[in-house]
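Can you read through this structure? Questions will come right after.
Naming follows writing order (A, B, C, D, E and F), and every chain is counted from residue 1.
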Amino acid sequence: MAEQPELRSLKEGDLFAGFLLAQEALFKTSAKGSEYLELKLADASGDLRGFLWDLRAIEGDMDLVVADAFVRVKGQVSLYNGRTQLRLDKVRFAADEEIGDFSRFFPTSRRPREAMQAELDQLVAGIGDPWIRRLLEMLFVEDPLLRAAFAKAPAAKSLHHVCLGGLMEHTLSVAAMADRACAHYQEMNRDLVLAGVLLHDLGKTAELAYQRSFTYSDAGNLLGHIAMEADWISQAVAQIPDFPEQLRLMILHIVLSHHGRLEYGSPVLPKTPEALLVHYLDDLDGKLEAMFRAIREDAGQGSWTPFSRTLERMFYKPRWPAIP
Amino acid sequence: MAEQPELRSLKEGDLFAGFLLAQEALFKTSAKGSEYLELKLADASGDLRGFLWDLRAIEGDMDLVVADAFVRVKGQVSLYNGRTQLRLDKVRFAADEEIGDFSRFFPTSRRPREAMQAELDQLVAGIGDPWIRRLLEMLFVEDPLLRAAFAKAPAAKSLHHVCLGGLMEHTLSVAAMADRACAHYQEMNRDLVLAGVLLHDLGKTAELAYQRSFTYSDAGNLLGHIAMEADWISQAVAQIPDFPEQLRLMILHIVLSHHGRLEYGSPVLPKTPEALLVHYLDDLDGKLEAMFRAIREDAGQGSWTPFSRTLERMFYKPRWPAIP
Amino acid sequence: MAEQPELRSLKEGDLFAGFLLAQEALFKTSAKGSEYLELKLADASGDLRGFLWDLRAIEGDMDLVVADAFVRVKGQVSLYNGRTQLRLDKVRFAADEEIGDFSRFFPTSRRPREAMQAELDQLVAGIGDPWIRRLLEMLFVEDPLLRAAFAKAPAAKSLHHVCLGGLMEHTLSVAAMADRACAHYQEMNRDLVLAGVLLHDLGKTAELAYQRSFTYSDAGNLLGHIAMEADWISQAVAQIPDFPEQLRLMILHIVLSHHGRLEYGSPVLPKTPEALLVHYLDDLDGKLEAMFRAIREDAGQGSWTPFSRTLERMFYKPRWPAIP
Amino acid sequence: MAEQPELRSLKEGDLFAGFLLAQEALFKTSAKGSEYLELKLADASGDLRGFLWDLRAIEGDMDLVVADAFVRVKGQVSLYNGRTQLRLDKVRFAADEEIGDFSRFFPTSRRPREAMQAELDQLVAGIGDPWIRRLLEMLFVEDPLLRAAFAKAPAAKSLHHVCLGGLMEHTLSVAAMADRACAHYQEMNRDLVLAGVLLHDLGKTAELAYQRSFTYSDAGNLLGHIAMEADWISQAVAQIPDFPEQLRLMILHIVLSHHGRLEYGSPVLPKTPEALLVHYLDDLDGKLEAMFRAIREDAGQGSWTPFSRTLERMFYKPRWPAIP
Amino acid sequence: MAEQPELRSLKEGDLFAGFLLAQEALFKTSAKGSEYLELKLADASGDLRGFLWDLRAIEGDMDLVVADAFVRVKGQVSLYNGRTQLRLDKVRFAADEEIGDFSRFFPTSRRPREAMQAELDQLVAGIGDPWIRRLLEMLFVEDPLLRAAFAKAPAAKSLHHVCLGGLMEHTLSVAAMADRACAHYQEMNRDLVLAGVLLHDLGKTAELAYQRSFTYSDAGNLLGHIAMEADWISQAVAQIPDFPEQLRLMILHIVLSHHGRLEYGSPVLPKTPEALLVHYLDDLDGKLEAMFRAIREDAGQGSWTPFSRTLERMFYKPRWPAIP
Amino acid sequence: MAEQPELRSLKEGDLFAGFLLAQEALFKTSAKGSEYLELKLADASGDLRGFLWDLRAIEGDMDLVVADAFVRVKGQVSLYNGRTQLRLDKVRFAADEEIGDFSRFFPTSRRPREAMQAELDQLVAGIGDPWIRRLLEMLFVEDPLLRAAFAKAPAAKSLHHVCLGGLMEHTLSVAAMADRACAHYQEMNRDLVLAGVLLHDLGKTAELAYQRSFTYSDAGNLLGHIAMEADWISQAVAQIPDFPEQLRLMILHIVLSHHGRLEYGSPVLPKTPEALLVHYLDDLDGKLEAMFRAIREDAGQGSWTPFSRTLERMFYKPRWPAIP
């Protein structure tokens, strides 16, 4: 795929030609009875609306221009209520093969993947307990498919770290906080805590589908990520001869209980200090990321972000001392 | 262990000598300052209180006479407020080896184990779908330890079917109702429903400990029976070559969702007709058993059973037409 | 009313002339400032949108063209985003007298009314307990208005069995399941259970209005169907000399408690086995019908139905084994 | 029954002989092995504990001395931890015929019954709306059994106004407040509000049993007072020719909705101003009475009453300005 | 500002020129690609939609025409679906200085401000307890800014008494009811109750912003009105030498607990009779006002108002006897 | 007060004479009719039961021997069911003046007060923001009464850190964790977070009474610690000229919202990152302390602590790797 400008960089009057992901595709009818096409177009840098007023300008099969398909478009940038949009001259369906690396069409973690991967490997290598280290190596180092998936998956569908690499970014952030917490609460077993942190959302690599949009897979909807990762851990443990049963229970307990409450999808409550700690730090990290991002990204006037349905509140944007 | 009368059959004035399970053992002090021993003694037919007024009559090591130990006692039956009790002359600790079959000291299902086992085997053999039948055979027929445990476990700690064999009795009752329901709701996949019914509480064989009392095992408290049975199913499926992934998801989904609500410990809600049906029939059977038993066993006057904390209500005892 | 094609059978290009129910009627203004009329038009087979771009084509009094009125329309079928719609040439209000049988404009139960009525009569006739049978005869056989209303009413406004005859269809389905359940749980009083089933939603004949749309009547909103049917039962019982008071209480108890929880509108919890059973089977039947219907009717791609706000989940559409 | 001193008036050393209600009767065994009888004895003025150390002093059939029976006792008052108790010399069962007026053994409203009855009659006579007045006359004036029951019943089992006449006292208090509220909120229909107030707890005459203790009747447990009074109102209205249907709905709506929330046992929410007002004033009156009584009756030190399980809080006892 | 007609008085064909508050201002694009301006325009009497089809008719800086700004408009009234709207010929931004009294653009309490102010002063002057009267004088009489703010503030953002002066209107209504309630419940300390009533929503003068629209201020969102008024009371009390500590606690307790439940934002539950009374009367008054207003203002057909999201129900509009 | 052995150090047969706090004092009667006195006696090291079988051995006024009084006792240690108790020979009331330092009778924080005080002073001195430092100095350094109270108060009545100095210990633990968290989440304003941490429970110095037992003061019950500390902060800020209003709001917001949910007593939800962080770290620290303490102090057999009613679960006691 040839070079093309990022959507975020477009300014009024710019011409644009390139591939984009059609997150929405709606054929609408105007009051005059004429039909037009409205698209929500996205690349990794952002998204905007595109309008094609004359449907005859669609090349090829019109029925292929649907939500979650890639399209090739040509048009000019205009400004509407302060937001950029595209007045399109041409639209055509684009096969996956033309696209190459899908990741150019999704938001991606601000941290480079290599740096995160190295940090993860170091964490695993630094585990002192041989049983725990062995288990983590099997899942995070020696299984190439899982290793790749863990590096690519988002952390959630809509709540926090909704980007490629978001799962790893979130996991590493919780791990770093957990490291500090274990230095403070010295009765904690740091190896056990880190195992819980690294494993707690591993199942999201299969719960979330993110080929063309961030959504739940069938397995994700039917089983949930907690059941899936518990299964994987159990199968990995079964391949480690003489793995201590008590340790197996403790690790699985952290994973199963990390949502903290039954009504949030954990079948058991945290009953060990390590499980309680992992639950709090995971929850805190996700909510803080959502809050900081909402504050950072809100371009609107006034002191408050839009209402967050997840956290059921607006956030206060001003910082002290004021950021110049 | 020699023959001894059942506790339920004892009458005022009877002499009793034999082994009993001490469910409680309390050393108390009287206002005069003398110490005595109060025991809650049980066999499979029921329980009563025993009093030893002179601690010097304890043979052997007094510190071994604790809750959940077996004891050998000798004494005479008296009546107190209409209930039988034992005035003890002798008490001594009894080692497990003296006892033989522990099941003589627990309530046991009213249905004979052999009849239930045969009914279960027939159910499995009658499954038409080869994949499902294979999975059930592995777990219920070919694994001798699991087969034995399933035949012996209670269905719950305190709610319903609290007796040896209770898990199998409950499971078969739900299966028979499920069979009738599938005849009525003909869009149901009967094989899938029956698989869900047979598997839904299998993990209770490891969740509940019942060597000396009905309680939760460590694994039960840390993981819960749903996570354990999901693990076992997953491992069994992994040994069946080419087991269809979609079917695996559907079966695991029924098991994971069978408590019906997140706050009742299911990490996902029932999302298929089969999962919804298994949830309702399981819930109904347990509650009905608890209600019928409470009505049957309540010897008190008045129209109402004692308040059931589980169901948060009293039950109305009179039946229509009146039972003569 | 003359013959006219069913809406469901229309194809692009077809001409249509006939009577339809206007479920919605909105006068809208286009950006050009011209006004047009958008209708949601329905018959028993389905519904579609109709557009009249020139309001002068309305015959007669324009103010009569409102939601829940019948209209006579003429126009041609077009296709928009894969759905049929009507481009209208003529619209006029139609008085009720022109319409004849309203039921042609509502969805109707898939089971023929006569078959259902016969099944109901047989159920009543088969009740062994003379008091219960007498009560049911008074309400379901001898009261012609109630008998007719019961045969016609929907079972709910939007949840399940939302069609003419839906109440009877739902009631008979629960009754058939109850019959099977009583064969399994032999301590149940089958006559009492069936009385509870037949009576449990009788008040919906007055709670729901369904002359032009399915909605709540004033009495339905102010009292609810449970209070209304309890009133009717009480008045019928009062006319049966020497009706046993205990039986009256037991029947009313099933009816009052059948929603199972106070927060679902039952003023008392089920406290007899019969009441518990009726609650579960009623709840199960409604939810299963909603789930099966959603799966059957969803024409969309993907494995999941749209989110059901009633059950707060999506349903998984694939069946095992796959339906060819 | 001859005169006998009130329990509340007894002082240490007094001799007592008379009839009392045995609210509890327990045969206990002492550490020495001797049996004794412990009674909770009550008359309308209060209760105390009685002890009979020698069971041979029981006259007649010992098995008749049970909870909720009347007994004739003889003994002497002693003081224990600042509370009076009775050391008994004689105890015998007393048949109901010996007792005469049971009300001497229950707490009774502080307001004289005649004054309350007159106030009620005046309220009914003062209703301007002829339909409403007619309905109230039928239930409160012309039905002698209901009139008597309404004058005698308690308002609740344990929450507030737990005394003979408590229902009428509570009803009149709410009515007086409602009168004031209608003077303030002039859009209210005062007649309708008063009808709602007078009728809202009428069913408690049958919900609560209070022959020997305050408890729920079978009908009360199975149907609840709301369903019972709705039934009675409906049957009374049926006997008034041409009673306006809308008014019937409005009155029944107030009664059915007066608990204010579904989870408190109302099958519908208040949807008219009159229904909303009755709900608030009823709720307020009950809670205030419970709070004032708890403050008044608490003899303990400190600023706080014992924890009220009903209101889930302690109450602050000091009053401003301080009561000397 | 010159005289101009009230929006409510406009009829089809009228010409209008004057200042209005733009509650919404949206630049939209038509299907033809032309842009137009849609405004929601308001004065104290009501609001309507205005459309400017040619943006060149905007005088001065177009970017100043935003929501919550004042505008000067010229246009003609037309009718659309039975509602008036303005087809605009001219629109320009208007600076605050041109406007004068902002209150002409907000709904205002039906009660005249002077009458309410006099009633409030009389209430304060009539307080018998010198400590309480002193406190109320400091806040309601001697602090001119607070006195003015209290007279002007609305009682809520959207629930009830949403108009200038609404806070005072609501407060006085509760006070009048409280006066009647204290006459009925004679154990109440009337002075304490009235203090609680007058102070309970005082913080809304700072919680709600109402310069251009009714919304929450930053302080309101961050602290809430309860914390703010508690702070003010505490600071006022600190300036009254020897103010009794117990009285301070009692007054603050009423204010802190007046929402009645923790989940409604009160950090403590009402634990004195006075606090319980204030909570009930405040809650009742707000809900009744909302209900009466919804019934009064609903011009629609049918017996029911639109669904109230606040009260989670529709209200029944018919009154008994019918209002002619 | 002279030296006396700690209760925890007593062994069977020891003689004891000294002052103790009577946490409970009950006069009981034995079956023989003789009265005796049972005391729960405590010093800072623990508590045990004491029995005085002959009431004539009480010196001085018997009515002064009540719960929460100090007593001087003499007796001998015996063993009962493995627990020590005191068989008393003499008991007399002891006036407060005899006792001297009350803290000898309460559990005390494991951390020395001086070390904690120094750490606190250092934290305050290290605050970079001059406004925040000034505020903290006023409250924690310059107000000698508050400084002393903060050093002495417990952190809670029964949940966690229930000991003298517990409030400071808990506060410093949260502050140390907050320091680490701010190093990780670098967008946080560390000074603001630390201000929130130090202030969040300051009001507990007045909410909790701990002269003779840990309980709530009247002010604590009526206002709660959140309202009290918000008041103090507000009054301190009022004395700092030109304190920025926005900073005042942000600090008060952290304090008001730190319980995290309305139903836990916070009148507002956390709406800034700093407020969210303080809530999580406070909650985590309290729960972890409770869990670690329960595990540490449980002397019982088995893997599980007793059920914690606060956290609604048992805790798993085994640690990994096993503590030898």
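Throughout what follows, a residue touches a chain if its C-beta (ideal position, glycine included) is under 8 Å from a C-beta of that chain, and two chains touch if they have at least 3 such contacts.
Source: prediction; values computed, not measured.
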Shortest path length from chain B to chain E (each step joins two touching chains): 2
Chain labels contacting chain D and also chain E: C, F
Chain F and chain D - chains in contact with each: B, E
Candidate from C-D, A-F or D-F with the same interface as D-E, over half of contact pairs in common: A-F
Farthest chain (mean CA position) relative to chain C: F
Numbering shared by both copies at the chain D-chain C contact, with half separating same from different: same
Length of the line joining the C-alpha centres of chain A and chain B, rounded to whole Å: 45
Centroid spacing, where centroids are CA-atom means, of chain C and chain F in whole angstrom: 62
Residues of chain C engaged with two or more neighbouring chains: 30-32, 218, 221-222, 246, 250, 253, 271, 314, 316
Chain contact graph, described as a line, ring, star, complete graph or other shape: other
In contact (per the touch rule at the top): chain pairs: A-B, A-C, A-E, A-F, B-C, B-D, B-F, C-D, C-E, D-E, D-F, E-F
For the chain A and chain C complex, residues of the former touching the latter: 26-27, 29-33, 35, 218, 221-222
Chain D residues within the chain F interface of the complex: 30-32, 34, 36, 53, 80-81, 303-304, 314, 316
Complex interface listing, chain B residues touching chain A: 218-219, 221-224, 226-227, 230-231, 234-235, 238, 246, 249-250, 252-253, 256, 262-268, 271
Contacting residues of chain F [partner chain A, same complex]: 129, 173, 176-177, 180-181, 183-185, 187, 189, 192, 244, 246-247, 250, 253, 269, 271-273, 276-277, 280, 283-284, 287-288, 291-292, 295, 311-316, 318-321
